[in-house]
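Here chain A shows up in two complexes: once beside chain B, once beside chain C.
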Partner chain A sequence: MNIPLAVQCERITKQYRHFQLQDVDLSLEQGTVMGLVGPNGAGKSTILRIIMGLLGPDAGSVKVLGHSMPDHQIAAKRNIGFIAEDMRLYESQTIDFHMGFLKSIFDSWDDEYAATLLRRFDLIREQKVKGLSHGQRVKTTLMLALARRPNLLVFDEPTTGLDPAVRKEVLDEMMNALEEETRSILFSSHNTLDIEQISDYITFIYGGRIIESKNKEDFLDDWRRLRLTNMHSSQLPNLPNIKDAQQSGQLCTVTVYDFDDTIPKEFTNAGLSVDSIERLTLEEIFLSNVNFAKGNMNKDLTL
Partner chain B sequence: MKLQFVFSQTDKRPMYQQIMEQIVRRITVGDWPANTPLPSIRQLATEIKVSIITVKRAYLELEREGVIVTQQGKGSWVNDSLDFEELQHDELIEHLERVGKLAKSLAISENELLSMIKKYT
Partner chain C sequence: MSTSIIPQLVKKDFLLMRKVIFISIALSIFSTGVITQLIGEIPDWTLVNIGILFLLAPVFACGFMLMMFTNVHEKEKSTQPFIMSLPVTVREFTFAKLLFNLSVFSTMWVAVSAVALYICFGLGLFPLGTFPFITIVLLGIYAAYTCGLGISLLFQSTGITILAMVIFEVSTSASLWTIAYMKPIANHIYGANPVWNSTAITIVTVQVLIVIFAIVATLFIQNRKRDFI
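Presenting the complex of A and B:
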């Protein structure tokens, strides 16, 4: 059975003066959560803006909920809830005003759900936006997006700048939204813990390219750190899987990618002893990926 | 049914294993007797705020170990031909594995470790 795609990007390219997105392929199945990870300036927001139809790609095709973007964005947007950092609320108006405003535009607006979210988020309906803290603003925009009950949620850095308590509230409510089987979430974050906790798929972006995009369990399973003792100063086996190797005296730490059970043997065969094999957190994989990509770019420059 | 799964951020094991452990614990203490239906994957994921794919993996591994039975379209439930002693035995081995690793990193000798264990038997 083919699960319909909520988002499908094919070979999208966007050229800027000092930055370009190159051949971005991305697909998100309905009912799943995808997290975009990448350093600042990698292209995460640009991709999300193209998906939202706010930017047109120079080449390639974008389909969101079956609608071609940016051409059919009006139809698509009825069913998308978008949150970005620079989202504006009317400063001199109340939360209630915004709720009424959205209700007048979207017939899918759910009063009951909105009231529940206000309660869970400790928001006061009559409060004016200018008096809200950053956390309250994020919760307000999240409430406004969720109460429309859209099929797709696109969030650009939803948890940036939030304290741990509010961060948890936001993540919890994102997960609650998944009770609806066809609802999908695409979000970006610097916080690898957030991505690791709630994503089904992880897409790693660096320098305007997608380095990797796969299901989270495989993503995390692929990487290992081996702690080795190198008593006889042996040469490390020449494996393409090695992403990083640090040697200090007789102790050696190697980070490998595409791990399988035959790899430790390669090291013992080379005369090293394997002391331990550790899994990596998404944050460690992230840093390792960035370092490796940087190293490769520098190599390209010296050629 | 409100499920209170409490996870530890300092637990280094992957999340799917922590979920498996919480489920097995409920079964071994008798809270979930044989044939108890498990929550659906999506239900458990949204309840404990962990990604669906991770819960799915925990269920798959539990099925492989024979702890639960899953039938497409019908959901999952606690296996009624489950050998509780074996399950508890597996749990014991799992703890011992961790004990072994910790002892090694603390450089505790085998004899020392044995006498430490004796205190608890």
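Presenting the complex of A and C:
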């Protein structure tokens, strides 16, 4: 059965003077969470802004909740809750002012849920935005995004700059938001722990390209680190799966992807002994991916 | 469910700016009181100069502050992503900004113009021959404001908006002085009846066209923007 897509990007391209987003394909199924991971300047915010209709792609197509963007953004945005790291509320106004403003726009605004979130986040309605800490501001924008009960949540770096306690509160509430089966979340972060914690799908972005995008479990299953002893200074087998290899004396550490049970045998056959096979954390997978992509891009440039 | 949130955006800007608007109205009323006290105390043309300054300063200051706070600060203070995450297009956003700013400024401009015209002609300070020139002065100020409003929306930059307002103000003053000394206008300023000759009509038409052009061009250019954040 085909699960309807909350977001569908096909070959989107966006050219800036010093940066190019290249042929980005991205699909987010309804009811799932996708985390976009990438270093600063990788293109995460650009992708999310194109998805929100705030930037127009030079080429390619974007559909959000079945609506073509940016042409039908009004219909789409009625069902999207968006938070961006650089998004600010009106400093001179209270939280209540913002709640009233959004309530006047969204028929779906849920007063009861908003009150629950205010209590849960320890926010005071009458407090002015300029008096809020960074964490309280993020929680306020999250409350404003959630209380309108959108089908899709698009969060650009929602946890950046938050202390661990507030970060947990924000992530917990994002998880709670998924109780509604049709609600989807697309969010970006530098923090692979956040991504690992709540995402069903993970997309790695580097240099304006999507390096890899798949199910979280597949990501974690695919990658292994092999610790080897190379007693006879043997050549490593020429496997396409090897993403990284480092040798120190007789000890050798090899990072491989698309791991299966035949790979250790290849090393054994080549005269190396396999001491241990370890799973990688998402952060390690991300760094290996980025290093590999960086190497490939440098190779492209020299060619 | 209404499909456009323009009324909510206009109301939001009014709530954000209501203090500025009320203070400007209070200052305009105060200025009117000062001017009426000066009638007969100082020469008529001095009264006109001081009167225009006193009456229009709060209106112009209000218009300038509104365009800075609602248009420029929206971008510079990063509240624009919040607004643009709502079900609104760039065209509607621009329309809401123009509607709010023009409504407030126009209301105050009409009120102040009515007071100015009453003081000049209702109290018999000037002959009716001055009416075309006073109309040109008032329309010139409105045209300069409209151009500034368009620039503030198109660039959303403090520096560019201030520079544009200074340029529009200086050129408006220069053009009004030039107009005052143009023979077809100057020859009738002290006449008993207003003379709407072709020069006066052309100037007023150009001023009205500048206002229309500033609004239409702003909407047109904004509507063509593909990136709006």
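Methods note: the second predicted complex is superposed on the first by the 303 of 303 C-alpha atoms of A that agree within 3 Å, B and C clash if a C-alpha of one lies under 4 Å from a C-alpha of the other, contacts with A are read in each partner's own complex, and residues count from 1 in each chain.
Following the convention adopted for this analysis, contacts are C-beta pairs under 8 Å (C-beta built on N, C-alpha and C of every residue); 3 or more make two chains touch, one makes a residue touch a chain.
Just so you know, these numbers come straight off a predicted model, no measurement behind them.
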Review point. Clash or fit: what happens to chain B and chain C when chain A is overlaid?
Key: fit
**Study point:** Touched partner set for A:101, first chain B, second chain C, both or neither
**Key:** second
Check your understanding: Of the two partner chains, chain B (first) and chain C (second), which one does A:112 touch, if any: first, second, both, or neither?
Key -> neither
Exercise for review: Quick one: classify A:88 as touching chain B (first), chain C (second), both or neither.
Suggested key: second
Check your understanding: Just chain B (first), just chain C (second), both, or neither: which does A:80 touch?
Key -> second
Review point. Regarding the shared-chain residue A:261, is it in contact with chain B (first), chain C (second), both, or neither?
Key: neither
Point to revise | Partner touching more residues of chain A, whether chain B or chain C | key: C
Check your understanding: Looking at the overlay, what does A:126 touch: chain B (first), chain C (second), both, or neither?
Key -> neither
Check your understanding: Just chain B (first), just chain C (second), both, or neither: which does A:199 touch?
Key -> first
Check your understanding: Between chain B and chain C, what minimal C-alpha to C-alpha distance in angstrom results from the superposition?
Key -> 26
Practice item. Could you list which residues of chain A make contact with chain B in one structure and with chain C in the other? Key: none
Exercise for review: Using the touch definition up top, name the residues of chain A that touch chain B in the complex.
Suggested key: 31-33, 171-172, 175-176, 178-179, 181, 197-201, 215-217, 220, 276, 278-279
Check your understanding: Mind pulling up the chain B residues that touch chain A in the complex?
Key -> 12, 14-16, 42-43, 45-46, 49-54, 57, 101
Review point. Within the complex, which stretch of chain A touches chain C?
Key: 49, 52, 54-56, 70, 73-75, 77-78, 80-82, 84, 86-93, 97, 101-102, 104-105, 107, 141
Study note, to complete from the structure: The chain C residues in contact with chain A across the complex are 1, 3, 5, 8, 11-12, 15-16, 77-79, 81-82, 84-89, 226-229
